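Structures follow.
Here come two complexes built around subunit A, the first alongside subunit B, the second alongside subunit C.
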Partner chain A sequence: MRFKRSMLGIPYVIFLIIFVMAPLAVVFVYTFTNGSGQFTLENFLGFFKSSRTIATLVYSLFVALVTTVFCLLIAYPTAYALARSGFKKKNILLLLAVIPMWINFTLRVTALKEVLDLVEGNLAYYPFFNTIIGQIYDFLPFMILPIFNVFDEMDKSLLEAGRDLGADRKSLFLSVILPLSMPGIASGITMVFLPAMTNYVVLDMLYNSTYIMGSLIGSYFNAYDWHNGSMVSTILLLIIILFSLIGKNKTQNA
Partner chain B sequence: MENILELKHITKSYEDGINVIEDLNLTVKKGELITLLGPSGCGKTTLLRMIGGFDLPNSGEILLHGEDIGQLPPEKRPINTVFQKYALFPFLNIYDNIAFGLKQRKVDKNLIRQKVKHALSVVDLEGFEKRNVDSLSGGQQQRVAVARAIVNEPEILLLDEPLSALDHKMRLEMQAEIRNMHDNLGMTFIYVTHDQEEAMNLSDRIVVMANGVIQQEGAPEEIYDRPANIFVADFIGVSNIFTGDVTDKKRARFAGKIFKTDSDLPVGTRIEAMIRPENVEITGAGEGAIDAVVTSDIYKGSHHEITAEFGKYEVTVYGKSRVETGSTIGIDFPREYIHLMRHDMDMNVFDGVINQDGSADFTYFTLAPDAEFMRDKAPGSKVQVVFESKDADLSDDPEAGFVTGNIDAIMYIGDHYTYIVRGDNDEDYYADDDWLWNMGDRVSIVVPQDKFRYRELI
Partner chain C sequence: MKKVAILLTFVMLFLCGCGGKASGTTPVTDDVVTLRIANSEEYIDEGGWDASETITLSDGQKIRGVDPLVNDFEKWYQEKYGKKVRVLYSTYGTNEDLYNQMTLGNSFDLVCPSEYMIMKLIRENKLEPLSKDFYNKESAYNYYAKGVSPYIFKRMKGLKEGGKPLTDYAAGYMWGTLGTVYNPSKVDKKDASSFRIYLNKKYYKRLTIKDSVRDTYFAGLAIAKEKELAKNGADISKILNDTSQKTVNQVEDVITDMRENAYSMETDSAKQDLVTRKADASLQWSGDGVFSINQAEKDGLRLCYAVPEEGSNLWFDGWVMLSDGVKDDKDKKQAAEAFINYISRPESAIRNMYYIGYTSAITGGDDPMVEEYVNYVYGSEEKNAVDYDLSYLFGKKCVIKADPDQLDRQLFAQYPTEDILKRCAVMKCFSNQANRRVSQMWTNVRCYRFPWEKRR
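For the complex of A and B:
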């Protein structure tokens, strides 16, 4: 048999089938069935009927939104400064910003917990504030990297063209630099917003007892309620697909 | 015509201290299409960027209508640029790209619409308003870039090698269009290119640059027919160049013969004689001034490019009909086409190639460039060596120097002598020496290793 290049993809296809397609199929089956294996929409309708689950969804969205906004506000100027700094030290600076990603995430949050505990006296006083700090700490590098990349690869002649056509500093930023960095912002947001909705480890470790979507799935599965757990996963999947579509549209227009 | 732009004593150096532009003076007239022409690294793009405001000169003035704009940022200058790679904004459609400059100036919306429409018609892209940048071909993007600049009605339009990314046929077409656009708009264009043919086709005036210095400025015909020096002669078109001297009033010796010329250079002047291949006359063997043996004949469509040898010289001639390789032809240099240039005796310049063993072969001698220069140089790559006559000394020990020859001319210059040493292959070297030697003395030329300056030729 002659070797074809497409055959290089076989290991990945096998992986895809076993670890992605099959579990997804199982999740779908559980989502739309009840305990006796019959088709039902009850799980779904239940989610939207219960004020507890809706509150969790809203809280998750809120935590994710605040995390994303602050990550963006911190990451954008940081990435700009990193990309504009002198060539030789640039990579070292970037490394410093990204190194936290290499350290185990629970270890990082544990360290953060100790620091916050020291400052605030008792973590229970500011659960939401602490959660946001933890989330930002966790997700910031994921926002910095894609934005850094667009700044780093930004065609300098476009900036010169902007100035040549009469744009001052402020106008150059608003009408050239910002639109050029939109793809980086968009991928930064997808990298931060969706994981931030489900990442309940930070909440747990910082003693925030409020549920987010991730905690909800965890609690259903812990109670062996595969059907509702799968249903929440499916809802998250739909949200992710929705956001990706919007994001894709936005970047294409840009 | 009134002067629109004056550059006075412009000097520009970068961090490493090397001067890119040295004490440059240039005047641009209102409404002309002037081309800055030169090989890469000659400083033409730097000069354009200083006019545009993207680089600032270290010293000197840039006067626009008599007012110094040398330190103003680009956005404050009534000058617009067409960039080498177009630099269109990918996130805007064609309309918004062209309207960008007008919007910055807060021009009325309806007026913007009219002006953009007009600019699109000037570049022949009516109806392209809604298109995306990446749906356009290179030539179309080029037109949009031009429209985006001219819509602002700048005092001066700068064009930085705008056609270099296009294929040959497209380039010719765009040259004609740019020329037409210039004539219709009456705007002042400053055009940068390394392509001498493009400069010839387009320009009212050409400024030839090398090593940050203007070598010559003038109309295309003037630069082609009467180049100021050997660099210009060599860079523009194909030329036959022979070294020699003025022997008598309106007579010069070169290529082993004495020719009548129209030149008024004083007797004794060291010269380079140039004659273009299309001006060399072919006669029957024995009927011309020189008999030469044909070494090749290449048919070029409009003419035959004939190369012929006589003695140690070679000449290129454009002929109407084919001649047999190996046959003997007669050659004449008509008096009115012989152009004499005063030979510059401050500099010794030789072109050569890198050898396999890391030395550099300059035909008459071999040198060993320093390791710093040789790093990343492949064998076969072309190099140029320059040494100044003031750094060259003479020695009677033939082993002391890197090349030997006989003294051919002696000039007393105030406190020292400048010698012309004729090498064994009839090449000339210029050397300053404090001591008086005699005509015909056998000498070798000594130059300290660190006084050789090497440059890669591209």
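For the complex of A and C:
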């Protein structure tokens, strides 16, 4: 048998099949069956019929949206400034931005909890605000890195050309820089938005006792309700696929 | 096509490898019995005590956990039974985790779930009854039969599943109450002695409740049914096991308000929050209460424990054998029962109580060691010492001379009085339907509510 380069992928494919595809298949089976193993759409319909679960979906989307918007607002100028600084300084600055990622995030959130408690007097008065702060703290580096990368690789001559052709600062940003950085923004958003929808550990640790999608799955599983737990997982999966497709389109258009 | 074939071969090989390993877990040699035990985390003495921690009883006997209790059992078993036993000890987080592990195919021989999970397992035919000889007090090594508190045994026997009392299957391990740990400089004792405190706006966002359906349901239920509970001759057990849809709806409203008023819904952070004074009162198991009070004492903070007077929860955890593991294996069953007996020796019970802070179901029977331990920990020779009567629990005259301060604190948390326990009910296993109702209620409480949505 001759060695082919594609064979290097075999370990990963095996891993994928056993630890990703097979569990996913199980999740699908549970999603579309009931307690006695018959096919049913009841789980799905139940989710969209109940105003409670719909509200949870909306709340999760809202938490994720606010987190993403603020991450973007903070990360975009930061990444730009980082990429624009001198070569040596740049790497150190980038390191500073990424270092928080090296510390386990439960530790970071525990520290954050103390800070917020000190500032607010009583953590429990502002659960939503705390959640957003915690999520931004957690996900900011994931937004900075991809945007930094596109800025770093951006062809400077395009900017010069724009300026030579008479573009002022505003139109230079809107018609050159922003479109060129779209792929970074898109991948930043996918890396922040989707995890932020399910990252219930931050809510738990900061004492926001309202469920988001991730906690909903956990609560179903705790009540031995594999079917509904799987159903919520499947819904999340569909949302992820939807967003990745949109993200892909955006990247290609850009 | 060829690629796919190679790939499939790999997968097959891998899967075969897994399969081979899984089936290889049965004991390899005949003369060693392998006992697979699963227990809650930090729920048995793991040894390693400092010499300064040695407990010296009044008769001069010294008790100190040097090796883990499990290792001591292995030695003891070989010595007394002349057979080798190897304990595979593992831990789980909650009763539900244990059940899920079992459903996912992990098999154990001996586990230690709470009473309601024991009932569920009996209902599902998963338990092996204790052998007849287990309760024979004449047998030298039957420490459980000889040492279990008659009161706890009676309460356990009163619980029936499918007509069979729990004592047919389970040996009690630790027990306790559900109550409120509070900071007496901020909270009145009177307020803390009722579940109503969790709705009291005076303590707005200064209270913690449990992030656990059953515990918080119990508290909500006691509030919703407080009038019925206060009636003379009320059937407390029946009222505190009500899961009808109407009641569940009432409780949903109560818990929604409790959540509004709470600082946090926690699983493990309350001890910390009490000590750092972020919370003033907290819904806790008695054992955790003892731990919190001890911990706070080291930090110079005085905490107390109160059991709600309208009626609270009495719970216990017990050792049960899984028929899956021991059914056709006499040696295993013998070893499993020997393990229960070993950890029911007064000395083991004391080591466990000291190590984990909960209350053992073992009071020692004729052996005075446990009583002496209670005296060692709580006894006082001061003038103002008061009599604290635990005769009901020990099944013999047992009065501790204790510091009056202890009546609101560790002694009371660890050993409540009989009139408190008379007002306590065991919360049984919900039926599947009731379980669905209560889970749905919990989801309703925890899910987001749009601002324009009215409460139920």
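Following the convention adopted for this analysis, the second predicted complex is superposed on the first by the 252 of 254 C-alpha atoms of A that agree within 3 Å, B and C clash if a C-alpha of one lies under 4 Å from a C-alpha of the other, contacts with A are read in each partner's own complex, and residues count from 1 in each chain.
Everything below uses one rule, namely that a contact is a pair of C-beta atoms (placed from the backbone, for glycine too) under 8 Å apart; a residue touches a chain by one contact, two chains touch by 3 or more.
Fair warning: this is a prediction, and the values are worked out from it, not measured in the lab.
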{"item": "Touching partner for A:Asn34 - first (subunit B), second (subunit C), both, neither", "value": "neither"}
{"item": "Which of subunit B and subunit C A:Thr53 touches, first, second, both or neither", "value": "second"}
{"item": "Broader residue contact with subunit A after superposition on the shared chain, subunit B or subunit C", "value": "C"}
{"item": "Contacts of A:Asn91 with subunit B and subunit C, given as first, second, both or neither", "value": "neither"}
{"item": "Subunit B versus subunit C as contact partner of A:Thr106, first or second or both or neither", "value": "neither"}
{"item": "Which superposed partner A:Ser244 touches (first subunit B, second subunit C, both, neither)", "value": "neither"}
{"item": "Partner chain(s) touched by A:Leu158 [first = subunit B, second = subunit C, both, neither]", "value": "first"}
{"item": "First (subunit B), second (subunit C), both or neither touched by A:Ile17", "value": "second"}
{"item": "Which superposed partner A:Tyr207 touches (first subunit B, second subunit C, both, neither)", "value": "second"}
{"item": "Touch list for subunit A against partner subunit C, complex", "value": "6-7, 10, 13-14, 17-18, 51-53, 55-56, 58-59, 117, 122-125, 204, 207, 209-211, 215-216, 219-225"}
{"item": "Interface residues, subunit B side, partner subunit A - complex", "value": "52-54, 73-75, 79-81, 83-85, 87-92, 100-101, 103-105, 148-149, 152"}
{"item": "Touch list for subunit C against partner subunit A, complex", "value": "3, 6-7, 10-11, 14, 94, 96, 99-100, 103, 205-206, 211, 213, 259, 262-266, 278, 435-436, 439, 442-444, 446-450, 453"}
{"item": "Subunit A - residues contacting subunit B, complex", "value": "155, 157-158, 160-168, 171, 175-176, 179-180, 182, 254"}
